[in-house]
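The letters A, B and C name the chains in turn, as written, and every chain counts its residues from 1.
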Amino acid sequence: MNKENKEEPKKEMAQKEKQENKEFKSEGKLLVKNKSIVVPGQVLAEGFDYLPSYGTYRKEDKIIANKLGLISMEGKVLKSIAMAGRYHPKRYDVIIGRVIDITMTSWRLGINSAYTAMLNSKEAGGNGRGYNSYPQKGNLSKTYKLNDYVFCKVTGVSDMNLVDVTTQGPGLRKLFSGRIIHVNTHKVPRIIGKKGSMVNMIKQATGCKMIVGQNGIVWLQCEPKVEAIAVDAIRKIENESHIPGLTDRIKEFLEKKTGKKIEEFTNEAPKDEENRGN
Amino acid sequence: MDKPTHIDKEMQENILKLLDEGLRQDGRKFDQFRDIKIELGVVEMAEGSARITAGETEIIAGVKLKMDKPYGDTPDKGILMVNTELTPLSNPKFESGPPSIESIELSRVIDRGLREGEAMDVKKLCVEVGEKVWMVNVDVCPINHNGNLMDLGALAAMAALHNARFPEIDADGKVDYKKKSNNKLPISEVPLPVTVIKIGEHFLIDPTENEENVLDARLTVTFRNDGNMCAMQKGGEGPLSAEDIQKMIDLAEVTSKKNREILNKAVK
Amino acid sequence: MTYKKRLDGRKMNETRPIEAKAGVIKKADGSAYFKIGKTWAYAAVYGPKELHPRFLQNPNTGIIRFSYIMMPFSGMGERIRPGPNRRAKEISMVSQKAITPVVNLEDYPNTVVDIVVELPQADAGSRCAGICAASIALADAGIPMKDMVASVAAGVVDNTVCLDLSYAEEAYPQFAKEKVDSEHVSDIPISCIPSTGEITHIQMDGIMKKEQMAEAIKLATEKCKEIAEIQRQAVKDRYNNKGGI
């Protein structure tokens, strides 16, 4: 091999091989495949060539995973993308929250996260059906009452993990008469699909209205007869997202269950988990 | 997710909309019980045990025996007690600490049904009148909770009782827990509670947790093998008419027969 | 050293058969069961979530709350009355301290991660099984942890250091098949961080020589590395099965 053209080969070694190669002193040894599942304490790489990042840390000459996740390699940087756990609020995320408390000037929302979110009365006033546009101070439950589900957007997450949301924005509003289901927040990108392809496929097949919150809460409004099909499709995506060919399988499932052919979609399944699509 | 404790009106509306079309959230018929799976002897060290799964509800019940003095007013009878523990293991809404009222009601209804229903021939639990009787304790512990702990808890308790064997008594007359005899417990009846819930104008069997959270009323009726009723309890804040109650009793009777068949097959 | 052959034929550093599975409790953020011999522990993790009442909150980090419960029918012998019991409270506390050093909740101030461990069957080594199950459940919940925590009970039976004492070994002189040199038995539950060998929990109960402790620790920490592999595999297996999550 020409030394000048020698590229750093991606070393994919099983633990057994690792033992045989103990004397192999290279610049760094990668011990996991890209996109594989890693768990806390698992050694991902040895040597000083690789760099830790989100979900991984360095201890002496080793890079180690510090949470359950999927390995994502960008050059020499080893990142572990979370696969489990509650939602991490991020600015600009659109989420579905539930009113769990009302004060004089704001609503507190449960958002499937370690923390709750605050919706200040100044930030409210989406086009909720039958509700005043401008919340009356001191009488906030006229706008959103306890238990209401609200489609809102995260406007900020402070250092102290205080989450602020707003319902001022296109489409943001109180959600009426629908079915709420909880999904793994880390599966949301697959449920939405690239540029919304997956969720649109389900909508087209069933005629349901669907809103998928980044925080793992999904709202559906369907004709009773097709509601179970939409819910089953979402659960199927959740359970089978790691098996290749998902989009085709979901298309087949929907066509079979609804008896209708689905128009061709040009979008493909997302290539990486980070692409939150839509 | 953080859940307030008031009735979820949106979910109730959604479930009612489905019910009005003859549909349930999980696709079952209104009088259809989820598939029940029964495994016996899962806790080998206990005198008897069973695990029941139905849908996403999973319960383990165990039987422990003890030799003790009988109660003063029943010197020739042993004692059967059924207790249900609701811990945060299966559902975060159950808190550790003193039992909630929900836990207490669940425990007492199952206990009453099995005791008043004479699941055990307590006279046969007497070893020495006035001095020594067997105390049979059944504990029902949910592992996964998706509704209907009442019916499934009682089923688990009955299965565990069927699985139970008396421990050997050693030469000094003391119980030797390490050795199990082949002697079964004196089961004389198989009382099984069946819970029927009412949502709007619809009656449902074997509710899931969502359905339990939006019900208007529920009626738990315990039937024995000989066809008699031996316990009944109404729950929920909505009222029931006399016709409702009759309908629900009939539904419960049919279901209890089906469940008894499933139990009998499993414990043969 | 007269204890040459263990009552059940195991080697001195061999544990009873282990079985572990993650994702077994649907409503929990993370869950697992861990079986070693007949001892069987379930663990459920809920959190991180806001901690109430306020005065319990720690503004610098999330905290861990551990609750250890034995099901009433889980013990050998008489029924265990449900309800607060001092032994369970103490075990809850040492278990919480066993786990805390690996968990990093600095990104979650004012929150709590609740761990509930419940045992349907306890046949010696129950607190260790609880800690092992809790560790898997925490990883399953996506909690940031620098490593798993593995836990096993070492012990000294008739002057011989061995691992994972069975119930019969804990009461050895009663069950001895050969002549016994020393009637003393001691039980040493140990929890450790496998990658560093650091010990996060250690207790000793019984009578032994202090020189035996070093060997007990050595055996236990070596075994913990193997146990941790089983724990890690359990977390992964949940996603490797065809059925997925």
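Definition applied: a contact is a pair of C-beta atoms (placed from the backbone, for glycine too) under 8 Å apart; a residue touches a chain by one contact, two chains touch by 3 or more.
Only a predicted model underlies this, so the values are computations on that prediction, with no experimental measurement involved.
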Exercise for review: Tell me which of A-B and B-C has more C-beta pairs in contact.
Suggested key: B-C
Check your understanding: Which chain lies at the heart of the structure, taking centres as C-alpha averages?
Key -> C
Review point. Whole-Å distance, chain B centre to chain C centre, using C-alpha means?
Key: 31
Exercise for review: Report, in whole Å, the distance between the mean C-alpha point of chain A and the mean C-alpha point of chain B.
Suggested key: 39
Check your understanding: In chain B, which residues are in touch with two or more of the other chains?
Key -> 2
Check your understanding: Which chain A residues sit where two or more other chains touch them?
Key -> 116
Review point. What residues in chain C touch two or more of the other chains?
Key: 49
Practice item. Show which residues of chain C lie in contact with chain B when the two form their complex. Key: 24-28, 38, 40, 42, 44, 46, 49, 67, 69, 71-79, 82, 114, 116, 118, 120-121, 123
Practice item. Would you pull the chain C residues touching chain A in the complex into a rising list? Key: 29-30, 47-50, 62, 102, 104, 108-111, 139-148, 194-195, 228, 232, 235-236, 239-240, 242-245
Review point. What residues on chain B touch chain A, complex-wise?
Key: 1-4, 6, 8-11, 13-14, 17-18, 20-21, 23, 25-27
**Study point:** Residues of chain B touching chain C in the complex
**Key:** 2, 42-47, 49, 56, 60, 62-64, 66, 83, 85, 87-92, 96, 137, 139, 141, 143-146, 177-178
Review point. Of all residues in chain A, which touch chain C in the complex?
Key: 37, 39-43, 57, 59, 64, 66-69, 82-86, 114-116, 160-161, 184, 238-243
